[in-house]
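Working notes, structure below.
By letter and in written order, the chains are A, B, C, D and E; residue numbering begins at 1 in each of them.
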């Protein structure tokens, strides 16, 4: 029973960081209707920025701010300089460009910082608070959970309560009609990318300390898990991203704990299939579109 | 006095122009209907006016200022609303959200809300489906929504591309009557593109006939309606 | 080299041309992960070897020939390895492949290299696959194999932590399995209380470490790469669990771990491990002094750590072998030179090369971290991957030649 | 002239030309040609799936692996049983295709219910799960290290110094030509039309009497069969299989190849397969020709070719969204 | 209304979407060789009615019979059962040429299997040739043969509508469902379409009964043998066009006072 409790808590803690990154995936999907495969690499770039700032100033929080700021700049820059010019003849075009960006970003980071791990600090202790002999969540885990919670609330508010959220969604779904209605589609797209990259930066700051260390490829597997999480949740839903993230975290933890670590990728696949075969649009899918 | 003045407008998709030297004026509080066969260039005209297409030549002046180079999203702020062909409802958003979108650029939130309520009054079918997604609506319901959404913007000039498409005769008649009323009461001007010639002419003040991208006739609507010769020559009935 | 082939001759003298060898140059190639997830740390090895070769070249080369080292990035992807090794052999006509890195990557090219009779020296991995003289006569290992190491680590645990519950965490490939095999040879099947594995794609080892804690393990032997060593140490700390960790040399380089752990580098205090090459903390070690000088002059001043030492040690051995092969260099003479054995260089343990033995180092010495410094202690041990006992090795380490370049 | 005769004629012409090419090329280039041919099987299949049926697969590398492992297991088992020779090789390749077909069927059945990114998610998970399968059943697949593949030397009739690489490229080219022939036939038939119809408008396709789910599954199966053959051939070329060689990266590269080659046309798949082989080689050569200081070389080695590769992808997609084939068609009258 | 064994019969069909009743207890028969028009206000359930017949929507209650047998429609089986349909809007395959679009409509009549297609056997070739010939014949009949190789997107709207109709006819349906066939067409094109539709029941390739939804009253009046009126999902009138038009309930619900006043 202790073991179950332990695995559950640990799975939730790990799931929270997947959720954080899944939120960034959802955000860009809602803002631009693309799955941004470069999101992981972009997040890594911002964490490197934070690393440099923290190295120079000695302050974690300055680095944290730098990550968010560089996320905004990087996201906006990529939209302005690259994505804007990708022709919309097929949704695959942007997927391929994003993959190209992954290679480019990782190469640049590798050249700048070297292809080796760099340590990243955590602002709070990662030592679990022990209750009855079982190490439960650490302060850092609570920080992550809190940040994810705050983020999902803010995003939900943005999308449901503000007109910017409404404009972002309509711009993503129907760019031309939105422009006719006075929506600055190009501006919102830039904003969406900037915001998503900033959320990705935040997620990166939360995720990287739980990984092996900072490396140009650190987020590769995190992206896969988080994308899975976002898909499980239903790509359109911030709440779904969080639920999906926690579900993926739990499944990985249980599988590793009870079945062996080898099985974890298969368990993820099983989770994905189990959810999607019952709900092809994810757990929090919207209504199925009327076909005719 | 004119609200919209188009002179020598030339528009094309590739090299060959689709519209040739089109001249057109729309005074305030007037309904001008643009008629013409399929492919005459009616939609092209409206898309150019709202800035979706860039003209090759000619001028467009709205309310005294030139529209050249004004981005699409700013045109609506000048008071020109375009209901595009094929409904243009954002299928993934709810009816309510679609309507909110109509007034999203307005600073005056209260007035935008008021305008929404007016639309629900105009189209009770929409009021019953506030929370339904756009794609759940029937074809005609979408048409009503698109029109209603444009009205929320409280435009001074309304560009309508075949509003009667897919609408029941009764609704069509209602809409035409509504346009007339808005014109008379609020000074709204309408540029109405229609295939449904009869109902268009029944409310319009003036008619313009396009053929292969050229204006071949421009006259009072009553004249087009009543002059069998003109009708046969340009409208085929 | 038969007379019939003499039409292919490039140089005079009536002897057959040797691929990659001219009177002034020897071209050697390697495949390494320079990019991609596995590149961390490893990407420094080949540049270090290259720096040492440049140093040798600056000193006149080997028998008047300069060494050109072609490094190809395979991103640790076996398919890429296939491509780049073929390019090296078929297109660039290298003389030999040196220090190709990785078990899965290098396994794939063994047959190809054999068919083309390309010497395949000092593979950078502790797999036992490289020691198959009958099947792969041209392939030689370098690292002590994982089983040898497992035995040595377990031997230490057996004599110093008698009666304590010992557990094992290994990578889920032959690094882990071979190492575990070595450990179990010494401790017995029941001597290991809990065995867990990890996969490199899943960076959460809390379930495994949690299981050790629950099982009450007091000693944990790690067959892990540096990232996962750090992760294991960090995770245990998070769980307020403090076993004695004993780690493979693959994942036990202190500078690397300290960088990975950052603030938490204190966790390495007391960490036990084993190694067979000099440690950078021995500032007085003449090898370290030599390598640091080479690194400064020819390596662009790369950050000095175990990977640099490793790369240079391999290069040193290769130069030794070239010298031994003599002026009349051919692939056959090179292989014969390796098999002749008896090389002494920076390594502490014996290099086992002989006619029927293509394995590399046959032993290790225990190391311990204390006061933020990793240092050797106790005797050097040697053993084999079979059932030979772990025994002390009496040999003393060599000192480098005065000018840093070995002679025949 | 029937489709078959016409396509056979084209195949024969291509085969003759390629045969001449294999004699002209040095061994390494032959090996590259062979690799491109093996990739072509997979990219052609992927083009049918992504370009024509409109379903996205991020897991085609894994499908190739299924074919590759089946070929490896079969070759090795049969060789252990004393059965060798080219007939056996053909049998093994057929088994590889069969295994991939079954795999494609399973994924396809799930895929027929899924759209867009959801399908992408599942195929991505398949790609990631593959290495796990090889470790969980390590007894058969030998985890990360993989299996080596038994391959007979070139037939004695070709002469004793016949280069192995040329023989390998014959094998791979034969496979690729077969795939191209069959797919060309298929695309000209009503199946090709149904695929495109389903891609363009599902509701209208159903009303036209096309079983959408069945068509989508069929596309998966066909494309998996091709990928399986490609994987099998790759196993024969490299004489080894391991999960690392069929990683997610390969799956993504295959997708890049078909899009950059020109989506939806078999010719695009040819460009794609060539690009997969030539582009890394080219970027490496360009970078290798630069002389760098040791410090710069430290940093840039490996990274610079990667950057050039990434940049090429971005530029091509922005400048020529129709891919290479799109450009070719524009240039040719 | 008596039931003809060869027609289509809807028996008490009810459809609910959540709380919304889109169709309520609809009973209707489409006899063979007749053109039946369905009219009604927007959102009355006309498209839904078609969707039920096509199997896109499962009725909450009620059943369908076609050719004397109970019909449990699934969209892709429909063509084989002898029912064709055009979509509100156009719904052509953008990536197929015009002739391929029409050929796609007759997919189910192909006899050659997958293997012969894969091998490119003459069987498959023959099938293709037959489909192509039939498609070309239809295009010729509709006077749009010159556009056969064009991509639909480049064509004028009326031509696209004709292609859609040709595609539906290519399957040789016994019953043809047309959803707003005249929508978006100009007066001349509507007149042409009307001429075409009235000939459908008597066509030499077997003849079709037609069920159509349309808001263009002149068109409905001129082509339909019978008109059914839906309002709020309920059938409020069925009968010959003139009777229905003069029904005050219909005028109230559908035609509206102004228009009715003008056309009368």
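Throughout what follows, contacts are C-beta pairs under 8 Å (C-beta built on N, C-alpha and C of every residue); 3 or more make two chains touch, one makes a residue touch a chain.
Not measured: the values here are computed from a predicted model.
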| item | value |
| --- | --- |
| Co-neighbours of chain C and chain B - touch as defined | A |
| Chain at maximum distance from chain A, centres defined as averaged CA atoms | E |
| Centroid comparison with chain B (C-alpha atoms), farthest chain | C |
| Gap in Å, rounded to a whole number, between the CA centres of chain D and chain C | 35 |
| Separation of mean Cα positions, chain B and chain A [Å, integer] | 43 |
| Distance between chain centroids, defined by C-alpha means - chain C, chain E (Å) | 75 |
| Distance between the centres, which are taken as Cα means, of chain E and chain B, whole angstrom | 30 |
| Multi-chain contact residues (two or more partners), chain D | 128, 131-132, 135, 203, 298, 302-303, 306 |
| Sequence positions of chain B contacting 2 or more other chains | 136 |
| Residues of chain C touching at least two other chains | 34-36, 39, 43-44, 172, 199, 201 |
| Chain A-facing residues of chain C, complex | 34-37, 39-41, 43-44, 172, 196-199, 201-208, 210-211, 214, 226-228, 230-231, 234, 237-241, 256, 259-265 |
| Of all residues in chain E, those that touch chain D in their complex | 54, 56, 75-80, 84-85, 87, 91-96, 100, 103-108, 110, 112, 114, 117-122, 124-125, 127-128, 131, 167-168, 171 |
| Of all residues in chain A, those that touch chain C in their complex | 2-3, 6-7, 10, 14, 106-107, 110, 114-121, 126-128, 130, 135, 138, 210-213, 215-217, 220-221, 252-253, 256-257, 260-262, 264-265 |
| Chain B-facing residues of chain E, complex | 17, 39-44, 46-47, 88-89, 156-158, 180, 183-189, 215, 217, 253-259, 262 |
| In the complex, chain A residues that touch chain D | 29, 35, 37, 82, 85-87, 89-93, 95-97, 99-108, 110-112, 114-115, 224, 227-228, 231, 235, 260, 262-266, 268-269, 272-273, 276-277, 280-282, 291-292 |
